[in-house]
Amino acid sequence: MSAVAVEVRPPLWRRLIGFNALTAVVFGIGGYYLGWFIGHHINGASVAYLGVGGIDQNDLSVFLGYFLGVAGFLIGMGFGVYPWARLRGYPPSLREKEQQGVGRYFGLCTDHKVVGIQYLCGIGLFFFIGGLNAMLIRVELLSPARQVFPAGQYLTLVGMHGTMMMGIMSSAILGPFANYFVPLMIGARRMAFPRIESLTFWLLMAGGAILTTTIFFGGFPTGWTGYQPLNDQANTGMDSYIVFFALVGISMCLLGLNMIATIVTMRAPGLTWSRLPIFCWGVLSTAVLQLLAAPVLIAVLGMAMLDRTAQTTFFIPSGGGSPYLYQNLFWVFGHPEVYILALPGFAIVLELLPVFARKPLWGYRLAVAGMLGVTLLSWLVWQHHLFMSGINSNLRPFYMLSTELISIPTGFTFLCGLMTLWRGQIRFTVPMLFCLAWFFNFLIGGLSGVFLSDVPSDVTTHGSFFSMAHFHYTIMGGLVFTFFAAIYYWIPKMTGFQLNERLGKIHFWVMFIAFNSTFAPLFAAGFLGQARRDVTYPAHLQFINDWVSISAFVLGASMLVFLYNFVHSLLFARIKAPVNPWSSLSIEWQLPSPVPVHNFDQIPVFTSDPYGYGEPSRPSALPAASPAGGSS
Amino acid sequence: MSRTGAKILGVATGVAVAGILIGFYIAGYLVGNTPAFRPTVQGSSASPTVHLTIETVAAVGPTLAPHPDWVSYLVRNNSGRWERSTVFTLPAHATIRVTIYNFDGASGLRNPLFGRPTGLVGPELVDGKPLVVMPPDQPSHTFAVPALGVLVPLAPVADNAKNTCGYAPCLLSMAHRTMTFVFRTGKKGHYRWQCFVPCAAGFMYGFGGPMQTIGYMDGFLNVV
Amino acid sequence: MSDVAHPATEYSIVEGEPPELMGRNLNSAGHLLASATAFFFLAFVFAYFYLRSLNNDHLWRPKHVDPSLTLGTLVMALTVASALLVRLGVLDHRAARRAQWRLKGALALVAGLIAIVLQFVEWVSAGFGPADGGYASVFIGWTAFNVLFVLGTLFWLENLLATAFRYRRIPSGAPAPGEASGDAGRLGHDIADPLSLVRSGLESLSFYWAFLAGLGVLAWIVLYLI
Amino acid sequence: MAPPAVTPASPSVAHGKRFLIAWIVLSAIATPLVAIFLGPAIPPGNDSVQASEQVFSNTVMVSISTPVCVFVLLFLLYVFASFRSRGSALVDGPPIRGDARIQLIWMVVTSATVLFLAGFGTYELLKSGSGGGQGPNAAFQPAGYKRALDVQVIGQQWEFTYRYPTYGGVEVPHLVLPADTLIRLHVTSLDAIHSFWAYQLGVKADANPGVDNIVYVETKGPLQFDIHCAELCGLWHGYMFDTGHVVGASTFAAWIKRQQSYFEPVMRYLPPYATNYLPDPSRRAG
């Protein structure tokens, strides 16, 4: 702010009134009940299905409740101000008023750095809820037959764990780190669409809250895939799933759109495509997948919603529909979604390795080609999820081939990563450890994926704990490990404070060992005949399951180590971090910590990519000679 | 120091709130547990016998359940009252003599195979008469324990019957059908039992709501 | 300590942005939005042909499921006309014929709204319900979501029109009045030329609206003709 | 700014050669061991022709995976041992930005491996269907498929029942199959999606409503096998299991006769045998 005299802060109660998270929650709840009453007014107590009524299930009122609830939430957050101004003909503002203090973290803030931190905390919250679900699942599976949770509740747990993780974590890297660092890395002062950026975050939070409320509506029995016609059949708890995933889809789509627009249009002078940090390339390919895959998900969930409220028959074979339609469309989204989760992991690993191996990224173009290849190929493989379903069986060889082809571009990432390490000067810092663990985890995950892509081997492993272990190796081992790598790497820049390295190493080793001890035995469990999402399992598998459960609890405990480290280091110890603790050449480390609101005094001019370790011409970005505004 | 104190207080509050939320969360899942009903066991411990008296009602009514118009099984507890429990604790290798009063009308089977009673000791008696097979448009519900091979279709109250029971608890003076049968529990374990009739009207395929909620049309036999 | 930024900088110095940036952003956003929209409706196109080829239980399209071709054609034609008008409006705006752009824009808005009203009329008078087989499901779903997209686009059009009307007396290139951002709490104003922003929004909108109208034509061909 | 870093002199040791030799030696030792000892031990075992083929497939997969696994792990270990930064001074590595030859070799090797795997999988798949559900009109059928015994598997919430069209369409609640016979299972569902998983037989096929999902399995000797639903189908998904049997021909004949007589009364109510049944969602009395 310009030279304004020091303002007297109004009292707390005054600051709580206005557009903020508190108002948003109040408006959200109000909106929910408004929609609920409208729905009941339209339909009475029950949606009469195909002329047969009489059960107190009114999906319409639940949907309307959720929609108006979300609308109220967003209005309360302050998202109504801008469209209202535009409606009356005021032109768009490039920036909203920047807020100060803690309050800006609890409302609409158009500073991409604030949104990044909001994302980190918000995603962390739902990551822990999803993790808690996993712990409860493992409690249930301690015994083959005894029921801790009743069968239906168990399915809700499984579904919530899967949905929460797949939905929320698909923004795990792009939300916090791409929002925070992409503008810095490309030398911009903001994202292309700052309000949309904030909207994606709050949509995600609204979705997470909605999914949590499924318990009050009887839960949902379908797991994260929401297969039809079980989906049509289920309780109103299913509506939470549909609304949650649709909100996540909208959030993802807009996030991807914003990222692409930012990277395409807002790069600083000199930052050519071949100088773009590899992280931005990873973000770009992920964003393309998000932008294009999420609409398919929203569409198919829209069909499911119409089936449940307007009584269309998209997925009901005896009404002219087909459950295959859902499976096809869901996996057209679902397989790119898997790479939406995996690609940011590649990006983080390739971005961090040069810093800690003190070498330029090996084979930059190959790495980019690998990511773009994965982006492209991920659209051509979806029916490998349907190998056993009897659909298009004559196309199975094609899908087998296309699925296995993906390992070629994935192999590029491996080659580039490994060769970057070769002859390097490797420093085993905490972020580096997490990156190196990625190689191990993704190796196992990738190799087990080859079993699943091969139809004969897939017969036993399909729908078993083998496939479950496979995708936990790729997603948890590939995404969550790099998520933590990114946290340990960038937190000094984001907050200005150091995380405790010793605790970080304890966290890493406990997590790495417990992770492998949890999921490696599950390959065996799957091969030995344990089906996914089963509340029971054969009695002779109890030892494996107990072992896994205990390892999972240790894995959960390792997260508490992290949480302690995070809270203690940032709130209590508060040791100032050096500006560039890792001696990185990347431009974000040349900025003060934490980064000032405007990022750059002057838009920098890039002269090389940020990987010039060991090269004579070190600086990758120069301050511009002319005053600000002279960019491109 | 006071700053640190405030922070500690803040974190402690956070931990407490998180703990309470987690507690509520887990409790939310656990409350779905239907309490088990343990009928009195007669006979010697070598050959125990249990009498179970069950009724099926078209609507469980406002006093017994959060979903008053859901169809449900009820069991007569040891003090002679109707209780909404579908989890029964039974001795192993015991003879179970079951009487089911059905107050509900016909729904019809999806798979006509389930009109044939199986897995019983002796025949299934419907109003005292042995049943060979029930036509598929007839059954209101079934009492089925697939792991024990037990399957019993329940005869419906006629559509034009007078004095039908609207919602539970239903009196035996109201229109009903009576099924009696005997089956044997096997070795120890948890056996699910369920209804195979798509009787939950208003849902696609009639298999939502009460058909997928323990305590209504589904339950366990805990054989101990 | 750092060459590129200092913790405390006069915020007003760094405020200025190259004015064409918003235009480029909106332009790329229009294209990206169009591709996302394409994938959204791809799901319905797929559903149409998939369910049609399966024809489960011979319930793809019972005899009585036959929406009015007249109304469908009208809806399609009005959408296309609206998109055309916006396109012509862009040409006017480029040629600084601002009054004519406002007229064409307003006409386009009206045409779009009539299309939506006719769509509602068609649903009500269709003579079949959503439960009448696969075609009925796809028809209802596709048209319903199309209406949502059209509504959103018309809102965008209305925004640009409203801005154009509000600042109709300001000569192009002149600084905007202080309330330009619509944000009372804002001290300065960051918009040099509100009407230049109408242009960038209009270029982007025109592309997207033409694309959406094209999807409308596709819907018309698929749902009514084949 | 980063402190000035020192680029070390070019290494005198031929790291690349050393690593490659170690990899080849280790792989040459490990791969046969894995192929001989681990591969055949991978389930589902040898209780049907299809299961045996899956074991063979798994053996090939795990054998090919071994050198890949050894490569990456050995590489990481080698790198950790040889190229760790020693001392506290910040030293930069040599600025190598790529090597076209290595990239080319890597592309060729990975592509060849992948194409081989896809070709091998296709060959295995087309040979006998490999025990996976192949839908109503697969182009390739196993040898002798015309003589196969038809058995229909009907999934419903939450039990599998079975129909034998060659035995008057009798429907039974438990699965018994004759030994040494090629069997064509028609898997279908009456409501939600189930998946018929006969573990020891190496059979898995989704049961979709309105779909005839065919799967071939050639039984061997008498066997007791586990049946389980492998696709989430609602509340009792976890309890949708059963035990099936493969029995000798005479035992099978006697068993089917007993079933025919027991289920005789219900036969007249069963719908005529069809490859799928579409339940009417509106036909309910309520």
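Note that the chains take the letters A, B, C and D in the order they are written out, and that residue 1 is the start of every chain.
Assume contacts are C-beta pairs under 8 Å (C-beta built on N, C-alpha and C of every residue); 3 or more make two chains touch, one makes a residue touch a chain.
Predicted, not measured: the structure shown is a model, and the values here were computed from it.
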Interface with more contacting C-beta pairs, comparing A-C to B-D: A-C
Core chain by centroid distance, with centroids computed from Cα atoms only: A
Chain separated most widely from chain D, comparing mean CA positions: C
Length of the line joining the C-alpha centres of chain A and chain C, rounded to whole Å: 29
Intercentroid distance (Cα basis), chain D paired with chain B, Å: 37
Gap in Å, rounded to a whole number, between the CA centres of chain C and chain B: 54
Centre-to-centre distance between chain D and chain C (centres being mean Cα positions), rounded to whole Å: 47
Multi-partner residues of chain A (at least 2 other chains): 49-50, 52, 54, 151-152, 221, 229, 233, 307, 316-319, 322, 324, 590
Residue list for chain B, restricted to those that touch at least two other chains: 192, 201-202, 204-205, 207, 212-214, 218
Sequence positions of chain D contacting 2 or more other chains: 191-192, 210, 234-236, 239, 278-279, 281, 284, 286
Every chain pair meeting the contact rule: A-B, A-C, A-D, B-D, C-D
Parts of chain A lying in touch with chain D, wherever the complex brings them together: 49-52, 54, 151-152, 154-155, 221-223, 225, 227-230, 233, 316-319, 322-324, 357-366, 386-394, 396-397, 400-401, 404-405, 407-408, 411-412, 414-415, 418-419, 421-428, 436, 439-440, 443, 447, 450-451, 453-460, 462-464, 527-529, 531-536, 538, 580, 583-585, 590, 611-615, 618
Partner chain D, residues of chain C touching it in the complex: 56-57
Residue ranges of chain D in contact with chain C within the complex: 210, 278
Of all residues in chain C, those that touch chain A in their complex: 1-18, 21-22, 24-25, 28-29, 32-33, 35-37, 39-44, 46-47, 50-51, 54-61, 129-131, 133-138, 140-141, 144-145, 155, 158-159, 161-167, 176, 179-183, 185-188, 190-191, 194, 197-198, 201
Residue ranges of chain A in contact with chain B within the complex: 46-49, 52-57, 129, 132, 136, 145-153, 156-157, 215, 218, 221, 229, 232-235, 307, 316, 567, 571-572
